[in-house]
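In this document, chain identifiers A, B and C correspond to the written order of the chains, with residue numbering beginning at 1 in each.
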Amino acid sequence: MHEFIEAFRFIAHNGAVSGYPELPSLTHLALETLKVGAIGVAISVVLAVPLGVWLGHLHRGSFIAINVGNIGRALPSLVVLAIGDAFLGLGLTVVEVALVILAVPPIVTNAYLAVDGVDRDLVDAAKGMGMSELEILTRVELPLAVPLLFAGIRTAALFVISTTTIAALAGFSGSLGDVIANETSYHFSGVLGAAICVAVLALAVDGALTLVQRTITPRGLREVKLEQSPALAAEAAAT
Amino acid sequence: MALVQIAAAGPVIPNYAAQSSSCEVHNRFFCGEWVSRNWGPVLWPALREHVLLAVVAVAIGFAISMVLALAAHRYAWLERPTILVTTILYTIPALALFELLAAPVGLNVYSAEIALVSYTLLILVRNILAGLRAVPAEVLDAAEGAGMSRRQTLVRVELPLALPAIIAGLRIAIVTIIALATIVYVVYDRGLGVPIHTALGEGPFKTELIVAGGLAIGLALVADGLLVLVQRLLTPWTRARAG
Amino acid sequence: MNTADTAHSEGPSAFAQAAELELRSVSKRYAGQRVPAIADLSFTVPAGEVCVLVGPSGSGKTTAMRLINRMIPISDGDILLGGRSVLEREPRELRREIGYVIQQIGLFPHLTVGENIATVPRLLGWPKQRIAARVHELLELIGLDAPDMEGRYPAQLSGGQRQRVGVARALAADPPLMLMDEPFGAIDPINRARLQDEFLRLQAQVRKTVVFVTHDIDEAIKMGDRIAILAEGGVLAQYDTPREILTHPANEFVAQFVGADRGLKRLALTTLAELKLVEPNGLRPDLSADGPRRVKLETSVRDALSLMLSAGGEPLTVVDDGGRVEGLLTMKVVENLLSDEAAATSPSAAQATSPRLA
């Protein structure tokens, strides 16, 4: 276990390695990872949520919506990045494109399932009350869709952080993955230290998103147990 | 670390000076000749190893998940902690988890498999639980009224009815693991990640990337399709509709 | 008697003895509730009879039924099936000897009709051939013996078909007792009447001891050999034959529960076949094949009276199944019936003729 002690020492020194003063600090790399990841998630959300929600509201395109999730899951991050590297060269843009390609599918699938899965009786009742399509969407479907939708965003955020670190394996510098991919400079203690940081970072991001989800979820839905909510069962299926 | 071990495995990287086609020299999109030359020594073994890695991981993960899910089904208080632990494992990015395991366990198949198994747990436990809970209450009542014991109800009624959800979970798990296994090479040089890594190192060499990557994706889709067929075979009642 | 394997060992055709069911001072108390769900309930169902538990919601009728097969634990008292206390039996073993039919039916969706019916025989370990023969027998009994029926899944059946399969499943191991909790409650009224008739026909053949729970007093009158009317708290308000309850309701609660039209309901208990009809000579009979004033012999007096009123009080022509005229029904005949009944059910006559029940 002495490697772990070395790793924590590495973290305590903010990633400084003797003999290599120009190497970026851990905090810098962590922030870079977050930055790259945030951009990727933001773009993906903007692209995928409206599409998924719209398809779900119309109850159409289920085949596409669900299978895009399956196919997205089948794409290894490394392969997407490597192909980007091979054909276009690995700059920030290419990495962001790769992140979006990987993050959009779970968001679309979950958005679709979340809105499509809203109890039709409720939508019917809303229509009977005289709500317009838009009002039904914003006042009935979206609030009920929040849990499942957010599950999709959380999954996407995980993929994004994971892929950002993997990008270092493909030669992209600017994330904590740099350290992990560069054992010659950082030694195994450094690699381990960076790995710990990545793990903590991912857990923190997931925790933060969960908190946001809790805050946005309408109070009446918060304590729904798995067996009472087919949506949550679908969430289990759509992880 | 991985690089050193790869080089020792043999001349996978095309030597631009000798016995390479012009296709390889110019690093075109796809070189059939390179593929046929390297299928035997490189690509096929990598594919085999990849399948083995994934199947073993999902099999072990399924066994563990079934135990955990059945326990949580029986003792409701176990659900929260189980989901919590499996979520944490799932949340840790693959690259980090592999390295974290390599410290105590070493650079071997065990680190790889432990990590891969960890990723299956959340998916499978959640799906098995959801499937078990979806069994209608009146069916359970009828089973108890007919004189079935707890165990008989579980085996003859609950698990069969949970099969669709369980197989859905297996589909997600196998596809996820096949994709993740491309990173395994950082701690254990087996699987399709190996040729991808070499290709990245030299060039990057397009043909190798595309073929190895394509094999990984294709493998995932085939596995998914096979499980769909399995589900059709095992659950004939799900397709029966009022005649 | 080997109670672990209720039906006879050779072949499925002979039906086992139905058993007597006795509830002795049974109580059920739930923790934290002041009023017990069931308090000191006692009655006996003779073997081979249908006892209907009826009452408003909250009367504990379903609870009482579920105490019998120990789906709910008994707080106090005892229940004896065939003279043996159910408390002495291992619950699962007990349940394999009791047919159980619930309102939502609860057919196993993943099993075929045949496999569903075979549930308890399989639990009892019957040999395959015996199970197959029994399944065929039951499918015929419930009228679902079309060649592909056995292999169908519940999702492919209509509500009425599912309910019948549910009853067949409960009968499969030839239990001495059947428990039925609002079995026809989820069916539409037309099919419900058909299912009720079919069940009565079945019961005439198999003669099981049946405890039947319903909230519908009309169903209770139709189905029961005896009716147990339960008030709130599982208190037994009256336990008697339908005729007795309708003629002599024990108290205000029973009178209100059976309804102010109990006089008319009583007429439903008698069919035209039991009456002395008027000879057709002298009066003009309705000889047309489908006339509005033609009724069959098996029609209840109540339905016939209703028809007669619609026809403006004109006499009705009563025919048998073949269409042959049996006689005429006039208002006088009905009057005679009513006065006969009044005489027969006067307090002094009641003492002599109707048996006192437990």
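To be clear about the criterion, a contact is a pair of C-beta atoms (placed from the backbone, for glycine too) under 8 Å apart; a residue touches a chain by one contact, two chains touch by 3 or more.
As the structure is a computational prediction, the values presented were derived from the model and not from experiment.
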Looking at C-alpha means, what's the farthest chain from chain C?
A
Any idea whether A-B or B-C has more C-beta pairs in contact?
A-B
By Cα-centroid distance to the whole-protein Cα centroid, the innermost chain is B
Chain-centre distance (mean CA atoms) for chain A and chain C, in whole Å, is 61
Distance-wise, how many Å sit between the C-alpha centres of chain A and chain B, to the nearest whole number?
19
Rounded to the nearest Å, the gap separating the Cα centres of chain B and chain C is 57
Per the touch rule, the chain B residues reaching chain A in their complex are 1, 79, 87-88, 90-97, 99-100, 103-104, 122-123, 126-127, 129-130, 133-134, 165, 168-169, 171-172, 175-176, 178-180, 182-183, 186, 193, 196-197, 199-200, 203-206, 209-210, 212-213, 216-217, 220-221, 224
Can you tell me which positions in chain A touch chain B when the two form their complex?
1, 3-4, 7, 70-71, 73-79, 82-83, 85-87, 158, 161-162, 165-166, 169-171, 177, 180, 183, 188, 191-192, 194-196, 198-199, 202-203, 206, 226-227, 230, 232-233, 235-237, 239
Interfacial residue positions of chain B with respect to chain C in the complex:
136, 138-149, 152, 157, 160-161, 235-237, 240-243
For the chain C and chain B complex, residues of the former touching the latter
69, 71, 92-98, 100, 102, 104-111, 119-120, 123, 152-158, 166, 169, 179
